[in-house]
Amino acid sequence: MKKIINTPEAFVDEMIEGILLAHPDQLRTPGDDPRVLVRADAGAPGRVGIVTGGGSGHLPLFKGYVGTGLCSGVAIGNVFSSPSSQQVFEATQAVDGGAGVLYLYGNYGGDVFNFDLAADLSELEDITTRTVVGRDDVASQPKERKADRRGVAGIFFAYKAAGAAAERGDDLDTVAAIAEDVVEHTATMGIGLSPTILPTTAQPSFTLEDGEMEIGIGIHGEPGIHRGMLETADQIADRIVGALVADLELTAGARVAVLVNGMGATPLEELYVLFRRVHQVLSGLEVTIARSYVGEYATSLEMAGASISLLALDDARLALLAAPARSPFFEEV
Amino acid sequence: MKKIINTPEAFVDEMIEGILLAHPDQLRTPGDDPRVLVRADAGAPGRVGIVTGGGSGHLPLFKGYVGTGLCSGVAIGNVFSSPSSQQVFEATQAVDGGAGVLYLYGNYGGDVFNFDLAADLSELEDITTRTVVGRDDVASQPKERKADRRGVAGIFFAYKAAGAAAERGDDLDTVAAIAEDVVEHTATMGIGLSPTILPTTAQPSFTLEDGEMEIGIGIHGEPGIHRGMLETADQIADRIVGALVADLELTAGARVAVLVNGMGATPLEELYVLFRRVHQVLSGLEVTIARSYVGEYATSLEMAGASISLLALDDARLALLAAPARSPFFEEV
Amino acid sequence: MLATELNESIRRSLTELVRYADELRDLDQALGDGDLGITVSLGATAVIAALEELPDAATPAEIAKACAKAFANANPSTMAALVAGGLLAGSKTWTDTTEVDVAAAARFIRAGGANIGQRGKTELGDKTILDAIMPAADALEAGGDAVTALDAAIAAAERAVVETRGLQSRRGRASWLQERSIGLQDPGATAFWRYLQSWRAANVAGAEQLSGELA
Amino acid sequence: MLATELNESIRRSLTELVRYADELRDLDQALGDGDLGITVSLGATAVIAALEELPDAATPAEIAKACAKAFANANPSTMAALVAGGLLAGSKTWTDTTEVDVAAAARFIRAGGANIGQRGKTELGDKTILDAIMPAADALEAGGDAVTALDAAIAAAERAVVETRGLQSRRGRASWLQERSIGLQDPGATAFWRYLQSWRAANVAGAEQLSGELA
């Protein structure tokens, strides 16, 4: 296990310490628990708060999307583990400006149960919460069981849209409806080429033979639909875009936002080779790409692999996506 | 060799095609050669042009730093290979607005010879050029042979400062002097944990045993000063910051910009664990960090490793570093 | 059993439970991410500390709530959240309870299990902790003296745990393994069974020897 | 030799040179990045194509310039840039040359080598192409009839190439290997020597047999 760390136990807290030292003007810890971070101006009166959270090891997910026009706060778990309900609750208290708080995070059991508990705690303190979970991974469940899908990189679109809505002063129900609408219109599928080594166990998250890839992999290395021989970039893009277009029922004339996401070790160059083909395929279907994002948006430590997300756009979603945003990890001007 | 590509031969051109498709509003090819990219408004009359270039495989270096407040154009070589003099010359013609062109790139033989040839070609066309080469890798040569050092991630500071100077209308000699001044005050050192596989040869760029690291590694996997057992993040940071502080002769009261750069496969989390210690060590020396950059700025495909760069600051350098900049890969607001 | 005795009994049983941490870690390593050992050992330590802080006047319901809060935060995870939620739901059945008997225990466990099932969107046979909780609740509801009822609950839970081996995991991280989960024993169900055993070993006279064998 | 014959001779010798591409690739793989085989084969093809386009009226200097331009762009690299620069410098010594004889060739190669040394900040013994060029220029400057002078140049270059094995690389990518470069033969110097041999094989009557042996 070759990692640039001190001890597996200190890894998460030292990482957070580094983030706070690097970006003191943009992020702060509202209380004593270093696992809770909020944007510098969190709690602005009248503005809907957005709290996200989840396990560590996915940077820039989740902490990276706390900022202007994005989320207001985050609760941070151990590597690939949920934060506690108490941490989510602390974040909730810190970001609430009287207009209520949206919980927006990925659909994983541990996270769901802890956010739900936090919602109960918040209710006791008269803070209204709504919950929307990212569930964009088409490989994790068939369309009939859409509600049970895992949340992966496509949650970025929901952060961006809901964050823009909160920033312009929409009320909680509207912000939640926007997040839900974006989640509903987002589909993602990924492939994995090599595993992650968990710092605490020093075990690979999965195993693959030389020359194999896992199609439909999740961001913790969860198995997908199909394990097969590594294909070319074009074949991979064709396969994934085909699945996403079918899932979203895109037809000629549709507009989409595209996110080609690197899982950690895959070079940015390869993501652009993928994007090239995504563009070709969508053009062939007369689907217009209105916004493109290429880079690392949701990683799995040093896993090699990539995912492609599509968000079907209407004018409202497009405007929210294009709104300005700023965090230490993401900037839209 | 697990790569998301089509063929090794098509890799670079398809990657460039992807970049142009993703960012058509910010970048364009001025002529027929896809290996030459310039910013959308390149050649603005009276503005000094800045041309960079080098081998592929280092994204966001070099193409990522073409934009507002950064470089004006780039000539792109094969993976880890120089662009041609003709390509550099084409970029030069496209970005020249009558105020001359600065060549700003890393100190590698192939690049130097091709840029020098391009300077000769430009002279024949009455385009004035100046050349400043990044040479910040303290591990590549001792201080007595500073002029022979390799250029690595620290060239980012020179792009940022020279780009800001060109943007505000400084003349060629001033822009060149600023670039030279920044290069002179920049020092970098890196460590490598795992090699890159070159797409064309399918060979690893170097070999390391389990549990070993290469201290002072270059961005093509060039050997450094010392090969030893992997250390903790704090030991690595102590070692590197110690070398950089000595090289730049920083003393209490100094101000610096810090860049903690990932070489490709190393998770962002680990870079922040490093940054934490860099901050501690510099604080202990009473050196102030005025600007922090943490992320992937100069990579080596999927190499695991990281580098730390310091730029000693004065008011002028700090102001240029803080100036706004925008490219598809880097934003400073 | 009165509140102060309940407090002590829980603490004693949790001291016993941590002996199973490695077993739970290994089971969770095979089916999940291996953190259940830590969840249980940190959780037990946190609950013991919280209970030591409670005043003697604390009611059974207050004791259960203190357990919930401490367990939820010790090592956040699926089990931490579900068990904490279950404890809170159980505590609501004790609002007027001053003395905990078999019937009160049955009420508590039934309500806790129902809450877990609801929150976890889980049914019996999904290969989760629920599969051990519900048969134990059934056994306790059948009544009898405390030791007999407890032994029946332990036996029912053990049977259920063994049966999880044949099931496919339908919830949580283990469900990602799909068919590959068959043959492996559910860690959460095991944890519940081990807790009942720990209670007996720590609190029932004559059970020390049994407990010794597990070391 | 007049310009048209020069044009043809260069093309013939380059066709011959590509036979050495694998050898050069392997040498550069050991000391550098392995692209020298491609540089030479793509470069040769590009130069041949450029020379075929030239009008018969092209002067020797114009021919050399066309070679420089084509070689520089075929596969950008250290050798591509240095050799192109050397060819341009050589062409300047031919401004008034209409017929290329041994003296003209010597002039050309000396100027080309000097340019490479200057641009590459290289001295003899740095284990580069310069180590083969300069002894060949010496041999040509010693004069004699064309074939004798060429053979002397080939012999001198070969000796220099063998000697590079004992040297440590001080320039370019190979210098990164430091002491580990000792024992390996410099690819750039080898390329120059192989080019002289190719010229002889392709253009000197009776040399076909020699050339055959290399296949």
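Note that the chains take the letters A, B, C and D in the order they are written out, and that residue 1 is the start of every chain.
Simple rule for what comes next: a residue touches a chain if its C-beta (ideal position, glycine included) is under 8 Å from a C-beta of that chain, and two chains touch if they have at least 3 such contacts.
Everything numeric here is computed off the predicted structure, so don't read it as measured data.
Shared contact partners of subunit B and subunit D: not a single chain qualifies. In the absence of subunit A, the touching network of the other chains comes apart as B, D | C. Averaged Cα coordinates give subunit C a centre that lies 81 Å from the centre of subunit D.
Each chain gets one centre point, the mean of its Cα atoms, and the points for subunit B and subunit C are 57 Å apart. Taking each chain's centre as the mean of its C-alpha atoms, subunit A lies 33 Å from subunit C. Touching of two or more other chains is recorded for no residue of subunit B. With touch defined as above, subunit C holds no residue shared between interfaces to two or more other chains.
By the document's touch criterion, interfaces exist between A-B, A-C, B-D. Subunit C makes touch with subunit A in their complex at residues 29, 33-35, 69, 72-73, 75-78, 80-82, 84-85, 119-120, 171-173, 176-178. Interface residues of subunit B facing subunit A in the complex, by the touch rule stated above, are 2-7, 11, 14-19, 21-23, 56-57, 59-60, 191, 193-194, 210-211, 213, 230, 232-234, 236, 264-276, 279, 292, 294-296, 299, 301-302, 304, 306, 326, 329, 331, 333. Of all residues in subunit B, those touching subunit D in their complex are 77-78, 80-87, 109-110, 113-114, 116-117, 198, 201, 203, 218, 222-223.
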